[in-house]
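Below: the structure, in structure tokens.
Letters A, B, C, D and E mark the chains as written, and numbering starts fresh at 1 in each.
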Amino acid sequence: MPLDTSTYSLGLLRVDGRRWNELRRIHAQIRTQAAADGSSYLEMGHTKVMCVVTGPTEPGPRRGGNVGSAGGAGAASGGQHKDAEVLVNIVIAGFSSVDRKRRGKGDKRTLEMQSTVANALAASLHIHLFPHSQITISLHVLSQDGSLLAALINAATLACVDAGIPMTDYVAACTAGSTSTYAANDESADPLLDLNHQEEQELPGLTVATLGETDRVAVLVCESRVQVSRLEGMLAVGVDGCKQVREILDRVVREKGRKMIQEGTVERGTGLNDMDVD
Amino acid sequence: MATERPLVLPGDVIPPSLIPTSANPNKKQQPLRLGPGLRHIPPSDIVPTVAGQLITVPHKNSMWVEYNSSRYTPTPSDLVIATISRSGPDFYYASLSPYTANATLPHLSFEGATKKTRPQLPPGSLVYARVTLANKHMDPEIECVSSATGKADGLGPLKDGMVFDISLGFARRLLMARSKEEGKVEVLELLGEEGLAFETAVGRNGKVWVSGASDAKGNEGVNAKTVVVVGRALQETDTKRLGVEQQRKLVKKLVREMR
Amino acid sequence: MPREAEPSLNEREFVLKALQENTRLDGRELDQYRPLELTFGDQYGVADVTLGKTRVLAKASAEVTVPYTDRPLDGIFNIATELSPMTSPAFEVNRPTETEVLISRLLEKTVRRSGALDTESLCLVAGQKCWSIRVDVHVLSHDGNLIDAACFAVVAALRHFRKPDTSMEGGVLTVYTPAEREPVPLSWLHSPFCITWSFFGEEGEIALLDATWLEEQVRVGSCTISLNKHGEICQIAKLGGTPVEAVALLQCTNVALSRAKDFSAFLDRKLAEDAKRRDKGGLLAELSAENDR
Amino acid sequence: MPITILPPKSSRPIPSRRADPEDVPSDSDSDTSSQAGGADLDGDIPMITTANKSSPKYDSNTGIVTPGELITSDPQWMRGHGTYIPLGTKDITSSVAGTITRTNKLISVRPLRARYTPEVGDLVVGRIVEVQAKRWRVDVGSTQLASLPLSAINLPGGILRKRTETDELQIRTFFAEGDLLVAEVQQLFQDGGASLHTRSLKYGKLRNGVFVAVTGMGGGGGVVRSRRQVWTMDAANGAGQIDVVLGVNGYVWISKHVETPAEVENKTMGITNMEENVSATMYSSQNDPIDSDTMREIVRLRGVVTALVENSLRVDEDMVVRGYQEAVEMALLSSKGPEDVYLGGERGQQLAAALTGV
Amino acid sequence: MTASTLPEAALGVLPRADGSAKYSHAGYTVTASVNGPIEAQRRDEHPYEAHVDVIVRPAAGVGGTRERHLESILQSSLTQIILVKNFPRSLIQVVLQVEDTPENDYVNTKLVQASLNFAIMPALFQTSVLALLSAGVPMRATAAATAVAVVPEDGAKKIVVDPSPRQIEIAQSVHVLAFTSQEELLLAESEGDFTVKEWDDVYETAQKICCRPASTKEGMEMVLDEEDAGGPDMRHFLRSTLESKVTADLHWK
């Protein structure tokens, strides 16, 4: 089902009616599981992901060092265990996509995503505060419609914020693409923000995750063939998209916090203005 | 004098003419000493276990097989460079070579150490130590203080600097009392002559620690370039099997590149 | 499984400190590769690549098999990367580690998914018979930067490889043995190469190419960029690690492109040399003439 | 293809807090040519330098800060928990989502929710996870297992007895894996671990009751540090007295009240007999007989605690006692009478509403 | 690919392994690495001796039962010559990577072959022994192996040393024998139909190759007469390979 790119150049509208720089609807919640240390639910368009964080905890005596072979953050795992280890486990539900592909435990794409999410978060989380412990992030994919890795990273970030694990800043992710295929060195090609499944299939694209409001890129994954000259534009749009995503995630957290204060479950903090006296 | 150094392979029969005892009947009272690479099968067979050159020293009544390898087997009184991997209630566990069982280093085995004043070594620290116990059935033990004198004698934690891996044979040559004459390694002296200021510690487990010393002007701290040059000179001399003359050339070349 | 030994604190600190002074332990420049060597085997499709102390052997092989039912018009192309204990005693047989999974995914994306090999040309009888091309990557010695070396070896092996010649006559498929007809090369579309950057420092501000094993153990992040000489990106993978300025990544890509062009030229030269060596006395020409008949 | 075409709409379901027009993509250059659309592609890409990283956007309405948010760059403050100072700056920045607290010059951020962080003197309920040679490892819901040294428990046969090797050998007779206990945090280690002690008759092994885990410290419903974490209350409907232990770590123990040796001794025995009594019951894992009325009321109390948590109310003595009274009354009105102990779902909300007076 | 080609070997080819060797003969090229003695996994740990772990990896395709069989044969033979009692509770790991096998130009080979392949045994065996020597692992003796096939030719039966794939195809029986340097029979595996007489002939031929008597007679001295009937002189070959290694290692002496 080739994407009719000609319609884009006419109305400058994408298959789902968005413009080049529009994100899909992002809906997110935190604290969705009462029993977990931290949890979140996130939708980016029709991509829906659930996340539960356990930890930091000390691994029990039976389980010992390396539990899952994948996902241990490079710097974090290893013999000396000075830092907490970040373990990520991704389960992709069979019903999450149309072709109902069953992915086994050893699926390399899933293992790669596990490792990516683990390493991306380990770089922001203050794992040095929790020696010899483990932070386990379990991600469940309920529905897939493109930008899966970005959704996983965002959901994991939210759940870690909910778990109260100190971190440098949010790790926010989104995708960017280009309207020209690799073959055509099309100068008039536009970059696109936040690809859905169909666009991901047809067009070159990449996933970017940045740290907070900076331009510092934690994750950059490109899995399609594209001219080098396209990269700069896609990256710029992607980084900008990450900032928008960060805003949205931040608002979700603030909203939850405000609600908790209103309900009186959390004590109000000291105002900065009160501090200025002294 | 047997200047001949015949090649032996495991299981070879050593001709009786090469075994020192029979050659020196007047020193019968001294027992024959077998060095590495030989084993004695009672009653009287001496059989090599590795491939190398058979060395016999008749006046000391000893013989051994000279060979080079890269897997260290701990032997008592060897000086080694060990990496602390973790600390237990009474011991540090330290690694002498990769993939082998850790050696134990008692917390109090440092100069002047008491329960309160012992050095606190985080995992990954380096120590220069001596092997005190090595037994095939037990994990090796090391110490950083001479149990006889209570002095460190240069042993103890190694601060800063860099560790370079070398072959066991080269480590042995560097540790020889007269390494220049017997071991044919001059590279360190040559580097010193070029005006580089550095200190080294050589471990029999195939490791050299190199640190840039604070120079005469009192410039503290490690000069990374000096350390790199020393390390490269050592490693190249080892892997490329350089003779004294080639060592001289190498040192000249490296020093010129550095400046 | 014995654990991989970690570098000591002294080594970690020193490597970093030296890099801050622009010095690498082996005296290389930050963007300099170790000497790259490539030798082809006596057989077709064997490439032995050394990069300093890293050594990778790739062997391509072909057999006739049945195509996948969902892709009846395509041949089968697989890259097998299994790290044996020869690489390091820390690797165990039949238990893939994270390193192994990531290398395998990178090669897959770089070579297979980028369409370097025309899989349609491997089809013999639609839905019934096709070639299955397999590349086995054997890591003989691991001193860092396995990915770049392995990718180069795979591409070299496939470009060097010859599969048996076939013919279709009256619905009968004949696969000729090497004695009957000289084998033919694969239908190769473009040659992608992996270039891996390693990042050091608190903010990943130091970037270098072709890290050694020690450098890899100390680095805070890495980014592998796959490109061909036409300036097409086939894949980029910065899978987490310390965040790096976006502008710096763009610069890395530009340098990577020139490296990819170097690799490409180097491989072309080596292939030409090898062809010359095999073609002593114009034997090849004679054989191909025979095939034409 | 799993595509549903959404009508074009703002990508922001929540109205922007900062009125920054550039933030809303649908507002920007809607119908201009593709050239304008890709405007920032021409020449230099402005990699969007962070606009106002240095200006605090602290929300004084709620007092909430989120990770990466600047709290102050004023050097007079010291940073505490939940904050960090980015490399090369002097800015105190939040590392968690929570509320700012300050103690003199120390600024810290208390997370909205986090695992329990032990503090010296905390009363905790824990579970033995591992038995080692000279100590136990106890799960107290913290980031690390706490340790309970053999030397920090009361040994049978005398409170001040020195521990012997025999004690080490029979360490499992005191506490074995899975046993529950109440203890006090005695000491904190540098790496965040804690060591516990049970050197008081208030502390020790738990039996005759049920365990409830509510989320740890912080908000979202949970146990708060308060003056009284342990109390004995009279139960309704003909049951005996009930003990409630609210561990600061969010682990709660509700059990039938058994007279402590101290109380028993006051009533009947001389001081010498007391020690024997200690040895007999202190480390028993056997439940005493509990009558069904008491069991029912224990279950009701447990329901009260979970209902409080589910409805994001704080768990402390006042709330639990009031909640229990309310629950008893609710049960009386119910068709099943006092036997109705269910406090989930709507009934829990009803209970919460009654308590908060909303 | 004929039996008369001389074997070639290089030691210490892999810089990061404790010992390594690359060996090619009769169309086979094998690289081996030896690491050890290192810490054994709990399940391999033996309280009184070292565990010898042998892994054979084919050039193409995944290892199957055929490789497992070769591994078990090599493992039991190498355990005999390594002084395993010197290293209790440890592991000596030998990894053999096949790089090249002789191709049968007349058949298109399948990747996965279930049949036994004795012809590759001598190459694997020699490479392991060389790598062990290069690692300096203490051994009781050195050893060498050879493959011998009984091939029918013009109605008669002929004994062929280091048979080619084509010869194996038509052979009635294939045998692998290994001898230590003390002329003890270390390994004998046979496949196919053969008589006791044939086996005796095979035994003699193999022994001639693996332990040429000349070298034992003259002690350390080297005798280099290559053109003897029946194939290469494995013992001389081992010695000369090692000699160059030792001389290079001890150049400073």
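Quick notes on this one:
One rule holds for everything that comes next: a contact is a pair of C-beta atoms (placed from the backbone, for glycine too) under 8 Å apart; a residue touches a chain by one contact, two chains touch by 3 or more.
Computed from a predicted model, the values in this text were never measured in an experiment.
Across the assembly, the chain pair joined by the most C-beta contact pairs is A-D.
Centroid distances from chain B, each centroid being the mean of CA atoms, peak for D.
Averaging C-alpha coordinates per chain places the centre of chain A 28 Å away from that of chain D. In terms of their C-alpha centroids, the spacing between chain C and chain E amounts to 31 Å. Averaged Cα coordinates give chain B a centre that lies 56 Å from the centre of chain D. For chain A, the set of residues touching two or more other chains reads 79-80, 214-215, 232, 236, 239. Contacts with at least two other chains are made by residues 15, 35, 38-39 of chain E.
Touching of two or more other chains is recorded for residues 98-100, 122, 124 of chain B.
The touching residues of chain C, counted against chain E in their complex, run 1-2, 41-43, 46, 48, 53, 55, 57, 59, 61, 63-64, 80, 82, 84-86, 88-89, 93, 134, 136, 138, 140-143, 164, 175, 177-179. Here chain E touches chain B in the complex through residues 15, 18-19, 35-39, 81, 83, 86-90, 133, 135-142, 180-182, 216, 219-220, 238-239, 242-243, 245-246, 248-253, going by the rule given at the top. The touching residues of chain D, counted against chain A in their complex, run 1-9, 11-14, 16-17, 23, 25-26, 28, 30-31, 34-35, 37-38, 40-41, 45, 47-50, 53, 56, 58-68, 71-72, 76-77, 82, 84, 86, 95-102, 105, 107, 109-115, 129-130, 137, 143-145, 191-192, 215, 218-221, 309-310, 312-314. Of all the residues in chain B, the ones that touch chain E in their complex are 5-13, 15, 37, 39, 47, 49-53, 66-71, 73, 98-101, 136-137, 169, 173, 183-185, 239, 241, 243. On the side of chain C, the complex with chain B involves touching residues 2-15, 17-18, 21, 23-27, 89-90.
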